[in-house]
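Each of the next two complexes has chain A plus one more chain, namely chain B in the first and chain C in the second.
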Partner chain A sequence: MRVFILLLTLLAFSSAENYTFLVQPYSKEMELEAKIIAEIATSSVREKIELFIPHMSEMEEKIYSRYFKLSSKCETANFVFVNKAVENEILCDNTNRLFFTNNYRKLLSDEKYYGALFWNKSRPNIVFIKKRLEKRAIELPKTFDQFIENF
Partner chain B sequence: MKIILLFGLYVSLLLSDSLDSLLKEYESTSDNSLHTVNEKIGHVIIYSQKEIRLMQYSKLNDILKELPLFNVNTNRFGLTNYSLTGSKTTTSGFFRFFINDHEISSGYDQSTSLSWGDLPLDFVDHVEIYYGESSFSFGNETGIYFVRIYTKSPIKENSSELNAMFTSKGSNSQSITHSSSFENGWSYLMFLNQEKVKQTAVYKNQKINSNGHKQYLYVDANNETTNINMGYTDVSKNNYTGYSLDAIPSSGKNLSKDFFIDITHSFLEDKSLKANLSVDINDRSYEEENTDAGFYIVPIGFTFPRHFNEDLRFIKTNAYLSKSINFENNALIAALNVKNKTYDVQNRESNQNSAIGQYNTFDEETTSSLLLQDNYKLTDTLILVANAKLDHYTRSGYLEDTSETLLRVGAIYTPTENFGFKSFYTQTALAPSFYNIDYAAQSNPNLKSQQYNFYTLEAVYTQGNSKFGVTFDHVEIEDFLYLTPIGFINVDHKIKTDGFLFDYEYSFSDRDKLRLNYYTSTLSETINNATKGGYIKYMGGYQKFDYFTSLIYRNGYQYLDLDIPDSFDVSLGLTYHVTKDLSYSIKANNILDKSTKSLFSEGIGGANFALDDNDRSVTFSFRWVF
Partner chain C sequence: MSNKPFFKKPLYFLIPVIAISSILGLLLLSTIKLEGSIEKKIFEISTSDVFTIMNNSATAIQSLLKESTNYPEDIKKNRLLQHKIEENLKVLITPNIKYAYLLYRDERGVFRFLADASKQEEKALIDQKFDVESPEWLSLYGEKKALMIQHTLLHQLSMSYLIPIMYHDKIELILAIDFSIQKIEEINHIIHLMQNGILAVMIVVLIILLFTIIQSIRFRAVKKTAFIDKLTNVYNRNYLQKYEDFINLNDFILATLDIDYFKKVNDTYGHDVGDKILKQVANTLLLTIRNKDDIIIRYGGEEFLILIKTQRDGHLNALNVIERIFRNIQEHPFAISNNETINITVSIGVNLVPHKSRTFSEAFKLADIALYNAKNKGRNTIELYDENENIHNTFLSLNEIKEAIEEHRILCYYQKIVDTQTQELSYYEALLRIIDKNGTIITPDKILPTIKGTFILRNITKEVLGICYEQLIKNPLMSINVNLNPHDIIDETILTLLKNYASEPTIAPRLGLEIVESEDIAHRDDAKNNLLELKSLGYKIFIDDFGSGYSNFIYLTEIKTDYIKIDGTIIQKILEDKISFLLVKNIVTFAKEAHIKVVAEYVSNEQIYDKIKSLGIEYCQGVFFSTASALQNHDEDKLS
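The block that comes next holds the complex of A and B.
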């Protein structure tokens, strides 16, 4: 899976940055976000990923389905990426699945999440909380050490 | 075997930092600011966050002054004046400016110069400039060039930023931007700025100036479905040549307080129903004294007062509702827009008349509009675009109610990944503003809308790291509103202009880029501004340094007894990034001191003269993010 993501990334880099007209809805940022989430998910979960994104937009469905098998229900997913403001009621529990968010404050306040991809000072950041990784027995690759924080 | 091992090592090296490189790529892609571009509404030039930073554009006018087929000058009040190539219009009705979803032009003369002309870009993410008709898509007032200013995203900033700048000419500016996001999906960005502006010129050995102070406040609060924007400016500037017959007033000031609130909410799961409400309140005052020669103000006539002042209030209220529907290969948008504008004279007096009051009975206008747009995907490579808009103007006073039908058809054709063609034909009408009617020639005060017919063709070719573009435009204007010495008239013949633009871009790397363009144009009338121009600019970076250099060219021309030379505005700059969050910049502006010039005249039939638009100066600035 990681090699597949890498090959897709290389392919994207090798194509010219220049475009004539952007007639299709612009999706490159979401494409990169999906690649990052795929890299994180495949490093965190051993089995095949089934991803659930609450209130998934058409564009998200199109982009994320290139990297994941998508799940229409929280219950059948093993990885949940919460990237919108959602009521907790629509989310299932986190016993058999990992929860990741794009909101740093949500990560700090809700034990359910083990990590977040968020922006700060115009730069994207990734944070995993060490205690929550240990609690879930997640072993991330050494290269992820820089993203792990010990709160 | 060695090859396999080397390949394995290469892959493992790439894998080891793939998350890091993905994050860097994510950041860099975001800096390209392409997520809001809409190719279907016109021919677009994008000033991305990356380019704004590398080129040290600190004010909106830094960008506008290099735009092709466009002239930026200074008017008699020392305010920036935008005009189409070859001409020098006295205000800027052709141009529409938006901050996010809100159009910021004045309710009085449709110009943005007084309140928003020197807008600092510290809180701006990117700027899109479209050659096309914005009102088809946004329901706003008509115009043929529109500038969309997008503020930084509070979710992406999520920090505070301090910016300070001062110039060798004595101008300075300080601003603070703060943004934060919450768990519930709401986020906000707040921007505060204060600046001191120094702009002086010497005429007949006497200094005239438009020195002044400006304060800006901007708040953007949004979640996934709602966007609330608020803006406030407080401007106080001296009046440059003012109305004075000798072009040297004894004293004078332009004061403006401008406030707006704009709320957009999207309904339904797919956000296809959108409602927008906005209110603008603008208090504007003007005073001038000329004890020597007096002055001439068109609506007052040939009485030549020596003191004049006025306090005016303009209120603009706008409601917009749109529904988009996608079916088969069509993307349809239907919208309704209602705009009400009022003009209240709170005080207007001269030393000769203490109660001048309203110049005429036209003090309120309501515009009701119905908009329809369809983008039809005929094949994978060809998209057809069609727009129709009906505007009905209900006016108070002597001016008649009118209706206008606006149309646009176009096509975007991309036969291969490297070739693209885009073409539009547009019929639109620009209605007279309160200012036009105040200053209408008394012989015929029933001014009509200006009728515009124009077509444009753009071709783009990409090859490797190069991008070539050519654009051709042909514009025909009937009933053009022209300010004569006795007031505005509708010109009695058709005005024609053609323009040709060549554009080239080469990316040496993600950070280093060369851009150049050249344009030439023709105008069927007497030329009183540049008709040819272009720029060449290089921007890039090495380790902790960013640098740029640029040359903006405008051709010289002759007007009456004035011979205006070519203009070569050369600038260069350097930024040193002490850390990722702290940087210092230095920029030398107009090094050759060959600025564009603006034309002025003394009184009625008096001497003509030209003054420089930009000074030679050095700017120092710093940026700190925390």
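The block that comes next holds the complex of A and C.
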């Protein structure tokens, strides 16, 4: 727990000079999110990551492309980050790719997601589900232990 | 201009600037401190209510759990209890408090939700993990008391306040609220308002300070100009008036300098040349004195006051400076035109012991006495004030003169003015005398220098006029001339007195007014008008000491004088000095043409009398005919 808090703090401090939230609040929040997703994705997938974000905005494309190779299709991606709520959306299956969400409830309800990064009480929160990690044979570094839930 | 300590000491300027800057600095420091305290106080005031309510909520939650032995498990199991707690937490939510929630920490050290007052879409689930952003959260378990955490990295939250809920001295639950940034923005807004207010006050103080400094500098510059005589570039009388009390009499010797026969220069060559001479004399003075130590002040037309700084080894150096001034002026040819020069001499009176005087005026007076002596000894000399010599020649003090007026010890002596042809009495000239407390008769040379330029002189004139008026009333055949100085002519009280006397029909024609010739009369319309008015009342106007100073023929016609009295010093030299003779002859010729009668003073022997008679001068006065004396009874008998 302490380690991760420190990790987050360091991460935040390392780019503290860029925290001009009042100027571009959305991009700065998204920047932090992208950094955390990059950390999670590289810790979860061994190959080079090709990220797919459904309905990716221009801003997301600009920011995430700094950390990932972006894929325009779900099928060609090995890491899918679902960060928008779209009703009855049909995406590609989770064979050969990992699904990550920004919604805790979606994580709980949908088996295809192995983890979530979401904003809880204005703080970034990360949750991985142990069984789903095991099912996908994902071995996260020890520093992620605090975020693994044993449901 | 010479450097003077009164103007040039930078400390006089620096000390107030440093003092004001220090005050400003202190003000700034105390303002910063005050600002910090106020900020803290505002924060306390703004949050104290919230914290009290939170403590009440924590107490309420604890009372809901009073039956419980395991708070987290009992809450998780009991939905009704969860609901009650959440209702309790909802009370805390305000526009400033964004979140209120209840947490516990599991065996792995992970924080988990037990209750959340947020709206449905943001509401955390029971047992949902909560990643805290700061290690400070963990310190709560060490301190076991309420904790405030300020957020510097979270852009929607400003701070969190955590209250531990204990069971058997162990923290079981944490009641947490998150303040939105709105709260801190409100506090910051108040603080900024206060900061701006303080800043505005500081700017105003600074502007006032700068304005004061600029005005002081300007005032000093203006003041300096006001103290400098424009013509000669030395200090003027204003400077003396302003600083005489600050001059340390132990540090200086005082000298008064008068240009000899300066009026003659003016009369002969005109005022422009007179001004030129004044400038050159002043320049010579400035070049001769020691710039950093000595002070030159022009206190009258051609009169200068010189303050020479004395050294520790005595007066020798200071006297050398006086001597150098005297010689330099004596040897310096003074230009009156491009190719013409004249020689000028000066008389100097020196007071070597000004420190013995109580005031600057007293010390100045003694230097003036020395100057008076220098003039009496024939001018072109330096005269030191000698205490012993002046014991016998002491001037009456102002107080002695005032007392004499109050005690009616003023009297007049009378000297005859006779018809030259018949040697018969025509008029008397009234001459001022004071009887001192010992009964000694004091003559004007010991009275007038003390009261010159003071209101006492006017009072003396009024006393003399009163005495003469009584004589004229008492002796209807008597005619008396009274001496007036130019300032008396423009004095309203004296003018009124003379108008009153003239209401008696026989007084004005028998009271002659002798006025010393002066530039003041020539240049002042009011003086001229007053003289004409007095003349119209029947008074006879005599211009006294003509030829000694101003001697302007034109103004004689302007003021329509009846008589001129030729200066006695010229008459004295009439036998041996051809220029004096020619001067008298020309005055007489002019006077005859202008129908002005002439009186010759200082007729002391028969030879002079014969010369006067041969020149056709109408009246004579002098010891050859009579000395000045009190009116004898037999004289009064003849006149009544």
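One rule holds in what follows: the second predicted complex is superposed on the first by the 121 of 151 C-alpha atoms of A that agree within 3 Å, B and C clash if a C-alpha of one lies under 4 Å from a C-alpha of the other, contacts with A are read in each partner's own complex, and residues count from 1 in each chain.
Methods note: contacts are C-beta pairs under 8 Å (C-beta built on N, C-alpha and C of every residue); 3 or more make two chains touch, one makes a residue touch a chain.
As the structure is a computational prediction, the values presented were derived from the model and not from experiment.
K.L.:
Answer with first, second, both or neither: which of chain B and chain C does A:K121 touch in the superposed model?
P.N.:
Both chain B and chain C are touched by A:K121.
K.L.:
Quick one: classify A:K84 as touching chain B (first), chain C (second), both or neither.
P.N.:
first
K.L.:
Which chain, chain B or chain C, ends up touching more residues of chain A in the combined arrangement?
P.N.:
Answer, by number of touched residues of chain A: B.
K.L.:
One more residue to check, A:E149. First (chain B), second (chain C), both or neither?
P.N.:
second
K.L.:
By the touch definition at the top of the document, which applies to A:K73: first (chain B), second (chain C), both, or neither?
P.N.:
Neither partner.
K.L.:
From the superposed pair, tell me which chain A residues show up as contacts to chain B and also as contacts to chain C.
P.N.:
Touching chain B and chain C on chain A: residues 2, 5-6, 9, 13, 16, 19, 21, 28-29, 104-105, 120-126, 147.
K.L.:
So in the complex, which bits of chain C are touching chain A?
P.N.:
For this pair, the touching residues of chain C are 98-99, 101, 108-110, 118, 122, 124-125, 128-135, 138, 153-157, 178.
K.L.:
For the complex, which residues does chain B have touching chain A?
P.N.:
Residues 11, 14-23, 25-27, 29-31, 34-35, 37, 39-40, 49, 152-153, 155-159, 181-186, 223-224, 269-270, 383, 412, 414, 417-420, 422, 460-462, 464-467, 505, 507, 510, 580-581, 625 of chain B touch chain A in their complex.
K.L.:
What part of chain A is in contact with chain C in the complex they form?
P.N.:
1-2, 4-6, 8-9, 12-13, 16, 19, 21, 25, 28-29, 104-105, 108, 120-127, 146-147, 149
K.L.:
What residues of chain A sit close enough to touch chain B in their complex?
P.N.:
Checking each residue of chain A against chain B gives 2-3, 5-6, 9-10, 13, 16-23, 26, 28-29, 32-33, 35-36, 39-40, 55, 58, 84-85, 103-106, 109, 118-126, 143-144, 147.
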